[in-house]
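Shared between the two complexes below is chain A, which has chain B as its partner in the first and chain C in the second.
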Partner chain A sequence: MLTASRRFRVWGWSGDDLIRLFFQGNALVAILVLGLITIFLFREGMGFFPQYQKELQLYRKSGLEFVEVMRQQVEAHKALSRLLFQVEKAERQNATPTVTSQQKIAFKNYLAQFRKIIVPLIDLEMEWEKVAVDLRDRYRVAQDKKERKEALLQSGKFQEEEQIRIETFDFQKNANFLKDTLPRYHQINRVISDEINRLINQAPHWTSSKANEQWDEFRESVTRYLSQMPHREKQLEEWNAFEPVPWIRALAGFLLGKEWITQSFWNDFYGILPLLTGSFLIASVALALAVPLGIGAAIYVSQIASKTEQKWIKPCIEFIATIPSVVLGFFGIVVLGEGIRWLTQQEFLSWVPFFPVHNRLNIFTAGCLLGFMAVPTIFTLAEDALNNVPRIFKEASFALGANSLQTILKIMVPAALSGIMAAVLLGFGRVIGETMVVLLVAGNRIAIPDFTQGLGVFFQPAHTMTGIIAQEMGEVVRGSLHYRALFMVGILLFLISLTVNYFAQSLVKRFKISIG
Partner chain B sequence: MKNKKHNPFKHRPSYAHGLQSFCFNFFRAMTYFILICAVVIFANIFFKGAKTLFLSHFPYVNVDFLTQFPETLHVFQDPMTHETRELGEVAFRHYEAQLAQQGIALSSEVHAYAGGGIFPCIVGTVLLVSGSMLIALVLGIFSAIYLSEFGKQGRLIHWIRVAIGNLAGVPSIIYGLFGFSLFVIFLKWNFSLLSGCFTLAIMVLPIIITASEESLRAVPRGFREGSLALGATRWQTIRKSVLPYALSGILTSSILGIARVAGETAPIMFTAAYLVRSELPWQGLNKMSDFFFQGVQALPYHIYVLSTKVPQNEYTERVQYGTVFVFLLAIMFIALTSVVLRIKMRNRFRW
Partner chain C sequence: MMKKVGLLIISLCFSHLGLAQKLVLKGSDTLGAKLVPMWAEAYQRVNHSIKFEIAAEGSTTGIAAIMNKTADIGMSSRPVQSTEISEALTKNVNFESTTVAYDAIAVVVNEANPVSNLNQAEVESIFTGDVVDWGEVNDEDGVISVYTRNTASGTFQDWKKMAMHKRDYALSSQKMAGNEQIVAEVAKNKMGIGYVGLAYVEALGLKILSIDGVLPNAESARAKTYPYARPLFFYTDGKPKGEIKKFIDFVLSAEGQKIVNEVGFIPIQ
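Right after this comes the complex of A and B.
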């Protein structure tokens, strides 16, 4: 202390204090960065909801929402036609030999008649659609002009400002126009239901059992379709162009929306559900592979393997972690995807219902590669956890007469269980946040996979949260709704990974106490 | 004991014993399955990549591939010799002009990026990695010194540790978004080498801090106590009796960080990596600072482009595998250095 007091001081801080402060400042960078990431993600992303709410409001005001009901009906009718086509196809393939070619033509005509019913509605829908889309586009142009006008005003260019004319809009008139055509819609609907009923009653006699089976299914769908008609009509009757869209609707539209549609002429929707399901399906495949492999290898290396085996297997598996993900993605495209497609086309595997697989790039391929990537993470942490179990546990177990297998499975693994769980969690975090492999290999189709196919769902292409950011970020306009939506996806991903990490860390902590 | 039948210590076959050996073999099979997968991947890339990178004649290494710019490849039937020839963009245009003078028209099959080499990508990767490591090492080592030497185990240190632990698990694409919104937009550094370096540095920071702290803690307490007892200040103690012994350990562990930085694609996708640039980073600069405020090409991004935007065929495959091979070789070399250094380190300091 005597020596210290003679040293120079700045505002009462000694040199050592300043050095300490300097280092402290550096360490604070970690917290600072975490804070900055949060701030900047939210800074860019948070504007999404108000903007999306406005967009939805315009969607309603311009009447697009009104026309959407019609579009849905047209889509539903097309789906019915597809079902009927399936019936006809089954009949064609499995028909009894007695069926004449005339009957076959009758079946075809029947299908054509059903398809024709919807034409008036399509015409009407197109007419309305044109009005609504046109109104929306004109309104957007006017908004842009307004902004430019304000910018010109601010920079003092009054003459140029005056030259810009902004169109005024009467949304009420548009809404009235749409509402006025409702009687036509009712009439068309009545014709449609009459025609459908008539066709159903005059249904041809299907000869094959498969066709009959599918016909029953078709009949059921038709009943559902017809019962929806009054509901749709009521929806249109009650539609009000000026009813405000609540902000919760924007939030729900993002979190629960089933469609991620961008750059469409119709309307952009930013529903995250397809991306979320894609991410989780891929993660589940990856974990299903990586968890048994990683933990199995950890058990083998830490408990069973000889010293020499331990010495080289451990660095080898850890070495896998350094393979860059883009290299694995490339391998997936060129080798693994082709390989899986080739394998599923083999004769002896043709009994599997969803084989052969048509998409080279799918959830399964991506899951395999991600599983391979997650193995080192899970292996290293699980092996650590197993090694940290005190020796006395093992010795006590042996002393009681248990053999090695019993000791490993009943003593060592349960004792290390929380560490192993943390390993699995961190592996999950790694898998869900991985970008390049999914971007290259997952197939990038933005749709919720068809779960009705059972296990075949794993062989469909999908898109993920990380993939969509990487793919679309380069092309969006800064500050646009699409841009903010991507940042919102980023925020969600950030929150997921923070939660996973938090739980993993708290698990490790608890695990250390139980050993201590 | 000669007669095995009467050996009283021999294992009698039993259900439990059979189950045990079955399970052990199962675990063994799992372990070797992982290794086999790794070997298959490496072997595939090595064999196909080696065809591009190595030649059967002097100088045995494909120097052109390592020193040229990426080019479009033209494959055509030579009207003079009636052979199938391959030429890069520039050479092909030259040849085409020559033939045009004689009134012969040329038509060619075009393969994007399939000709030339990957020199600018290598340069860009080296610049990005060295820049980011410089930043990350300075920040990381100082933070680690604070955490292990100065910090009292209080609330602040606890929160810093939590933050570091969480940062280590944040997906790399989030760092990309963060770098984009902070460096590219907010600080107006635009799409540049500097933005990329900082983004990568921040990404690798948690790894460096944890690794450095570990090697600092590995220095025995007695070193510090002895120094302090002799009247040295805390800073003198750190500088003279802790850092020299920890520094090599810190660097060794940081090399693994380099491998990670070099391999990442997502963070540089929207902060620094260009698809094509006709000039090397030091060419055509107006002033010195332009060097830092320009985008660069990088190997991982080039591989991404090659594998998504370019269809696979026998011509493009050569460049694809060659690039992946060079990239993997570099990363493996870095990682191996780290492993070897670590083994050497263990033998160097024994306390």
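Right after this comes the complex of A and C.
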């Protein structure tokens, strides 16, 4: 046989050479594709920061940043209204029976009065917002026209080019206009603080202790709110439309931003934090389920199970990996999500603080499914690690008189520990990169979950990094800021996977020492 | 030899025709999930050779597809914005719109919810998150679950314009991929509220809210007593030509508009 293969030659290459070349080629293609993907990802994504910086500059120049200070105040006032509602709600639910319906109406009225105080500021804010948004949009249109003009010039269509009129902008005039109306803002603020003080002094008498407790909290927030007023006014007076936005602002806006808002009439913000927390919360639920299941099964199959059991259990667990994720997603919505909601709404569970759960699409449901999906990955790798522990370890342990449970827990698992850790890390990588299930089941709410709810945080809807890419990729125009933002999310995911893999690899390397 | 060349030319012609006879429609879920497939089916009954490719992932995807030149018709439930028009011009694309039907957006809640009417201010405060508890608009308490469409949707944008003074949605809102998904979630969630196109309101477990006492239907939308009514568009790059024009003409014909009525939207006449 060997001599036969030597006789076969093409252009001086032997059969062995050709086979080697074929495999070499395969490896090369894989590496080339990886390189191309990486280059493409970074080329498309890195343009995000300069573009975002420019966007933030325009945000400032057009006066949107100026208006934002007022928007924040309006939001703060609305948050206070919500707190006051909580007082009223506590009163309604826990009041002594002597409270008359007339008093209840008085409470509602009180709440309505507090709400109404902010209306003049909302009107002013909307008026200014209109000016600023309009200026920004017109400026953008003019930028596009400029681009078209240049393109026409280059292709020699001078007549068409001449017909395009580009509006010129005086940002200074706009800034002056905004600043000139500041006295109106001051006056409105004075009225607001007077009204709030008047209302606080006329506060109704709350009968329940819970309402009183909440009322104290509300009072504190009101004091904070009023003390912020001069600060806001000063901020507006010192505001400068032409101060440059440093690039670090764009970077921080992305990495530490708490808001991911797109397609907004106001302004788009690309803050990764809500998506990051969503991804990690879901991954933590998934790992909490998959790690004990996967490792436990691995220990059982490799150490305890009989040959026939092994023959059955291994293929069954590995079969999980072949279920399409979209099928699991549907199962999650219809069966698991619905089941969890049904269970939490049962009377005997009503003592749990955050029950009943109303959203069937939430972090927990998605985490359960992802955990299920990660089990085969963790199981297979952990089982390999356990099987790779040299037999002498086991035999030595038995020889010293240890029973099989002691051997497993004190010898086998510690010896395979780095391999098992690597399995967990790779399972994590599997979970954080999964898309279809989270898109269908996680609930797609782009907000940082409310951690004050304790464990209830796991029953809130969330959005993930993979989910946002899948959901928004279709709507973006190539090269736009939104498009680049999605690529940046992709880069971040890529970096997370890379780090996880690096740690997994280095753990496996350490694993080798224990064998030797 | 001549025969061979002739065959080649003929086959080339056919393959070219084959390409031209496929219409690609992308965009609005409101249009593309029910109405447009019905139109396409009816149109195919007469013109067997036409093939349709319909992808309904939201109006913005349709507008982006026309801009990226990856679709013949962009289905949209919202008009294009000035910045989109100017952006398209830099890519040598001229938007041309055709109104193909009218729609009213219905606010829906779970049938177990005691609320049956809201005013416009309440709708705004619910969707913007100014109000987060049902107890603030009604007697029964409970944290509101707000379901909205995702950002690719034209309804997502229209709703901000019509009902929310262009303000942003509450951060706590959940973004659903289509009308059907909103219907499914609201029908199952006692605390849920969402909005859907008129053609999607017939579902078990759902309650349509009246707004300022007016229920959404063809009459109230035409009379403009219902506040959330809107036109639905087809966008093309330049004036529609050839097969695209033929299809749009069919859509606007009496036969096409009859289908609009059947699906549950409002015909343009």
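FYI, the second predicted complex is superposed on the first by the 486 of 516 C-alpha atoms of A that agree within 3 Å, B and C clash if a C-alpha of one lies under 4 Å from a C-alpha of the other, contacts with A are read in each partner's own complex, and residues count from 1 in each chain.
By definition in this document, a contact is a pair of C-beta atoms (placed from the backbone, for glycine too) under 8 Å apart; a residue touches a chain by one contact, two chains touch by 3 or more.
Owing to the predicted nature of the structure, the values given are computational and were not obtained by experimental measurement.
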item	value
First, second, both or neither for A:Ser264, with chain B first and chain C second	second
Chain C versus chain B, contacts on chain A by residue	B
First (chain B), second (chain C), both or neither touched by A:Phe40	first
Which superposed partner A:Arg478 touches (first chain B, second chain C, both, neither)	both
A:Val335 touches, of chain B and chain C: first, second, both or neither?	first
Touched partner set for A:Leu495, first chain B, second chain C, both or neither	neither
Partner chain(s) touched by A:Lys78 [first = chain B, second = chain C, both, neither]	second
Partner chain in contact with A:Arg148 - chain B first, chain C second, else both or neither	second
Common interface positions of chain A, toward chain B and toward chain C	474, 478
Complex interface listing, chain A residues touching chain B	3-4, 15-16, 19-20, 22-24, 26-31, 33-34, 36-37, 40-41, 43-44, 292-293, 296-297, 299-301, 304-305, 313, 315-317, 319-320, 322-331, 333-335, 372, 375, 379, 403-405, 409, 426, 429-430, 432-436, 439-440, 466, 469-470, 473-474, 478, 486-487, 490, 493-494, 497-498, 500-502, 504-505
Touching residues on chain B, where the partner in the complex is chain A	16-17, 19-20, 23-24, 26-28, 30-31, 33-35, 37-38, 41, 44-45, 139, 142-143, 145-147, 149-151, 159-160, 162-178, 180-182, 185-186, 202, 205-206, 209, 231, 233-235, 256, 259-260, 262-266, 269-270, 300, 303-304, 306-308, 312, 317, 320, 324, 327-328, 331-332, 334-335, 339
Touching residues (chain side chain C, partner chain A) in the complex	57-58, 60-61, 64, 67-68, 81-83, 85-87, 89-90, 130-133, 135-136, 141-143, 145, 150-152, 156-157, 160-161, 165-168, 171-177, 185, 188-192
Residue numbers on chain A that touch chain C, as the complex places them	78, 81-82, 85, 89, 92-93, 126, 137, 140-141, 144-145, 147-148, 151, 259, 261-266, 274, 338, 341, 358-361, 443-447, 461, 463, 471-472, 474-478
